[in-house]
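In the two assemblies presented below, chain A is common to both, partnered first by chain B and then by chain C.
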Partner chain A sequence: MSMLEIDDLHVVVDGKEILKGITLSIPAGEVHAVMGPNGSGKATLSYTLAGRAGYEVTRGRILYRGEDLTALKPEERAAKGMFLALQYPVEIPGVVTLNFLKTALNAQRRARGEPEVDALRTLKLVREKATALKIGEDMLKRPLNAGFSGGEKKRLEILQMALFEPKLAILDETDSGLDIDALKLVADGVNMLRAPDRAMLVITHYQRLLSHIVPDRVHVLAKGRIVKSGGADLALELEQRGYEQVAAA
Partner chain B sequence: MVAVKETTERVADIAGEKYKYGFVTDIEMERAPKGLSEDTVRYISAKKNEPEWMLEWRLEAFRRWQQMTEPKWARVHYPPIDYQNAYYYAAPKSNAERPKSLDEIDPKILETYKKLGIPLSEQMLLAGVAVDAVFDSVSVATTFKAKLTEVGVIFCPISEAIRDYPDLVKKYLGTVVPVTDNFFATLNSAVFSDGTFVYVPKGVRCPMELSTYFRINASETGQFERTLIIADEGSFVSYLEGCTAPKRDENQLHAAVVELVTLEKAEIKYSTVQNWYPGDENGLGGIFNFVTKRGDCRGRGSKISWTQVETGSAITWKYPSCILRGDDTVGEFYSIAITNNYQQADTGTKMIHLGKNTRSRIVSKGISAGRAQNTYRGLVSVHPRADNARNHTQCDSLLIGSHCGAHTVPYIESRNPSAKLEHEATTSKISDDQLFYCLARGIPQEEAVALIVNGFCRDVLQQLPMEFAVEAQKLVGISLEGSVG
Partner chain C sequence: MTALALKLNPSADLFQEDFAANSGDLPGAGLAWLDERREKAMDAYVMTGVPNRRVEAWKFTDLASELEDRLESTAAGSAPYIDEKVFGVAEGARVVLVNGILWDVTQAEGLEIVDLGKIDAKTPDWVCANLGLLASGPDQPMGAASLALMRSGVAVRVKASGVLNLDFVNPPLARDAVSHTRILIVVEQGASLKLLQSHSGAGTHQSFANIGIEFVLKAGAQLEHVVLQAEAATAIHVASIGAVVARDAQYRALYAATGARLSRLDVNIHLDGPGAHASINNVAVPGYGIADTTTVMDHAKPHTTSRQLFKSVVGGRGRSVSQGRVLVREGAVKSDSHQLFKALLMSPRAEADAKPELEIFADDVVCGHGTAIGALDEDALFYLRARGIPEAEARGLLVRAFLEDAISGIAGEAVHDALWRKLDVALAAFDGAET
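Let's turn to the complex of A and B:
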């Protein structure tokens, strides 16, 4: 079954058409990468999939597990098992990270009609996932992302992905701002979550992330369109020849 | 933006239910004749069976009040108040003979407090909280009195204290907020009806939280309560007040005076959760809350700490202050003021450093939404004798939407070169990025706003007694419902 099916997607932001007809299909169990230069529409794609206000779908549709997403609010998409790891996770001063995780987890569970979990159970769940990502208790007690390093912020995104156990995860430039060690840690975290009933869309500018998270398919995004698709090798080709040449070919 | 519109509509649907304390208790009331004159003052004094000295005190205040004018410097706007078109005393008839025990209280009143979540039967009370319940102009019940008496703590309605402990009352009443302090305080001195009196004797740590629950029920009636708390040498007390009123289209006046006195090494922690009816989403109705609160750190090494969560009232005019008279005294002011729709708040504090090595700390969090205006107004004053005085002020404003306002008016006066004064201020908005982040994690809009605002207020919420912190957090969320969109 297709986890995500994007069909002729056109998106307008502030009156300007950014995505100009994207078609893409990700089956369950696969990891796809979307690569593209600055201004190609990568961030627009991820925000549109997550349902951010201001990203208007003017044509085409997005099917998630067969269901049209267009009318769903971001929080409804999250409750249905979609997850977006953001390029720039925001700081929320005063909101303790663990409390945020509990609030989010329970909001999703409530929306699905599942019983809420208490603070102790949340802590237990979080601890199980946090160790692998080298996230200590002290980090969980600090306000959300406030004063976190780039690596800490991205690790926390992956921790949330592990905690919410989404069916479809979109990782928006998760590698940006990471040094080699942090990159490896984050990639290992993502690889652990690869599963037959889960699909992932990895959006990135650079090939380096894809040597750690090896994708099943690579799509090249340029000027709002997918100009080329291929296997994992395509990422290497892009790295060697550059976007312009590959896109033109 | 479909999501935002739907949220707004949903909230508009429930706006009518939002203020859950807006009900009226149907009960037979006894009132003073409408209007304000010497006769009104005499009526109130006679109703309270007050001694002659108290009546004289009130009459003197009334005469002074007639020569005063309403202050206009605060950043709040409201139609003129007709002081002759209100009742100054209203009491349930069933309370004519103050009930001796809880069994004798009118069941309707008990029911009211039950609905407010303040059960008055002692078995049902939260462990460790004693309550004085003030219904319009009278105290209807005070719990745990016997247990407090064992340790010598006096906790009673102030009308009772005037009769039973005249020496203590005479010694302290009006010594922190003088009769002629300001227009509203002078009015209160003339017509105050009830309120709470607390005396904690030397060296006693009050064994439970003390709390007063103020309820306005009668229409066209002002509430003028008076609270006096004295912490004798080396004692400690933590006190909390809560306030609610029915939903009405009219504005009702609430002009309270609170006086605190700490003697050597004593400490008073005073917390307020103010949730008077704020008016509707178009600014109709709501309480005018004009309150004078002041503490006098009279004895060396004593401490007064104010914590307030102000979410209600159409208009708030309130500056809980500390006079740091004794050497080595400490004053604190922690405030959350939330205004939504057409609410206006002008609130802050005064820290008056008179003694040596006095320290004060101000943390103010103002949140403004809808078309509300929220002003922090504060004074830090260091007098010539106050060597090594220190103050730290942190003043943060959060704006939600683009039709509201936040204003900061800090006054700093230093007449001693050794003073160290710090002032930090920030103004921020809840950003779209923050909201989207929460939404994308499955947290719906209203809950996301409440979460972000609670984070913003965290430093102050932590100062509240634990029993009330959770309630206050919920209140923060409820007050801001419908604020985004």
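Let's turn to the complex of A and C:
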């Protein structure tokens, strides 16, 4: 079964068409990568999938587990099991990280008609997942992302992914701002979450993340269209030959 | 200039007439020292009259046009509805004023409380020595009027340490009315007071509460001051605070405003000795009216410090006004002051006016200020929603986060939670007041 089915997707931002007919299908259990140069529409694709206001779908559709997402709000998509790890997680001073995790977890559970979890149970759940990502309790007590290093922010994104257990995870430029050790830590976290009932879309500019998170398929995005698709080797080819040559071939 | 101001501002007559007709019947009339201070205060008031926009310090808040109607003075006697202790703090003394008139006093050890409505020749010396010297000059015209026309109030002296709940309760009035009330607090050397002050009200008539508050902090004294202004939507509320903070004394305040058609907190702090410190956190959440907090921080002596944080969340057609003037006098070296103004506009018609002002006449000082006014951060809102938090809840979370640093860190958890209960109600009403 297809977890995500994107069909001829056109998206307009500020009156300008950024995505010009994207077609893409990700089956459950697979990890797909979308690679593209700056300005190719990568961020637009991830924001559109998550339902951000201002990203207008003018043609085509997005099917998530067979359901058309286009009219759903971001919070509704999240409750249905979609997760977007942001390139730049937002700093929110005044909201304690652990409280945020509990609020988000319970908002999703409430929307699904599941019972809420109390603070103690949340803490236990978070602790289980946090250790592998080397996230200490002190980090959870700090305000959300405020003053976190690049690595800390990305680890917290992956912690949320582990906590919310999404069916579809979209990782937007998760490698940006990470040194080699942090990259490996984050990639290991993602790999642990690979599962037969979960699909992932890894959006990235560089090949290096894909050495750690090896994708089943690679798609090349250029000027708002998928211009080439292939196996994991395609990422290496891009790294060696550059986007222009591969896109033209 | 005086004559001109009077011509421009005919409503000045409102209080002048009251004074001319009734000064002989006011509490303490005939006490030479008090008569003299009342006369002097009336003269100070008359220099501007009820301030309008032509008075620089009131350029954003036109009190004169709001007070066009004639108002009669309130009298004691209406039955109060007494809120539970607003801040949920059981300890300490309690003073309840009903429509500006002293209603009830619950004494507590360590505090000496004097009824200013019954002031006479037997009134203790410390009252005569202090009453009416602050919040009564031409720079605080409404404070001056509150002294000249004082009908009621209390004077409180703290010798060691104590807690005082000061509750202004304003039940519905039968007609439009005005009250002039004075509060004097003297915190003796090395003593400390936690002052929890609330204003709550109901009713649809126009009420004008005019309150003058004096704080005398002797060397090493500490005053923690929390104000919750939750007046009725038709109320006009002006509180003029004058404080003298002596060597090594500290004034720490949190002012929160949620109600009133127009509220003005007119604060004048005089840092009067090395080591004197004042910190003010101001939180305003107007959803319909004007919430104005205007401060003058006077660094009169060397090695004085002040911190001011103004935070507003403005909804509907509400308006917040935040003005902070910092004055560093000649010779007040090593003065250290900082003020930060931040406002969130929650509707297209909301308005926030912020005006920092610095006047520095000394070298070797540190004076910083910053201002930021804007809407909720869309990136933050999207981030929270993408994690499953519904929009309204996400907005609430961000507004809370915005205000929290101004509300935490003073007077303990019970007060913190009580303030949030009132703020939550005010913020929840924004949606109904939209456009």
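Note that the second predicted complex is superposed on the first by the 249 of 249 C-alpha atoms of A that agree within 3 Å, B and C clash if a C-alpha of one lies under 4 Å from a C-alpha of the other, contacts with A are read in each partner's own complex, and residues count from 1 in each chain.
Note that in this section a residue touches a chain if its C-beta (ideal position, glycine included) is under 8 Å from a C-beta of that chain, and two chains touch if they have at least 3 such contacts.
Just so we're clear, the structure is a prediction, and the values are computed from it rather than from any experiment.
Three-chain overlay on chain A, with chain B and chain C in a clash. After overlaying the two complexes on the shared chain, residue contacts for A:Gln207 are found with neither chain B nor chain C. Of the two partner chains, chain B and chain C are each touched by A:Pro89.
Contacts of A:Thr174 after superposition: neither chain B nor chain C is touched. In the superposed pair of complexes, A:Thr44 makes contact with neither chain B nor chain C. By the touch criterion defined above, A:Thr97 lies against neither chain B nor chain C after alignment on the C-alpha atoms of chain A.
Note on the superposed arrangement: chain C collides with the chain B stretch 473-481, while the other options among 23-31, 95-103, 113-121 or 473-481 stay free of clashes. Put simply, chain A uses residues 50-53, 73-75, 77-79, 84, 86, 88-90, 92-95, 100, 103-104, 107-108, 111, 143, 160, 164 to touch chain B in one complex and chain C in the other. Contact residues on chain A toward chain C in their complex (touch as defined above): 50-53, 73-75, 77-79, 84, 86, 88-90, 92-95, 100, 103-105, 107-108, 111, 143, 160, 164. Interface residues of chain B, counted against chain A in their complex, comprise 1-4, 6, 431-434, 436-445, 447, 451-452, 454-459. Against chain B, in their complex, chain A makes its touches with residues 50-54, 71, 73-75, 77-79, 84, 86, 88-90, 92-95, 100, 103-104, 107-108, 111, 143-144, 160, 164.
By the touch criterion stated above, chain C contacts chain A in their complex at residues 377-380, 382-391, 393-394, 397-398, 400-405.
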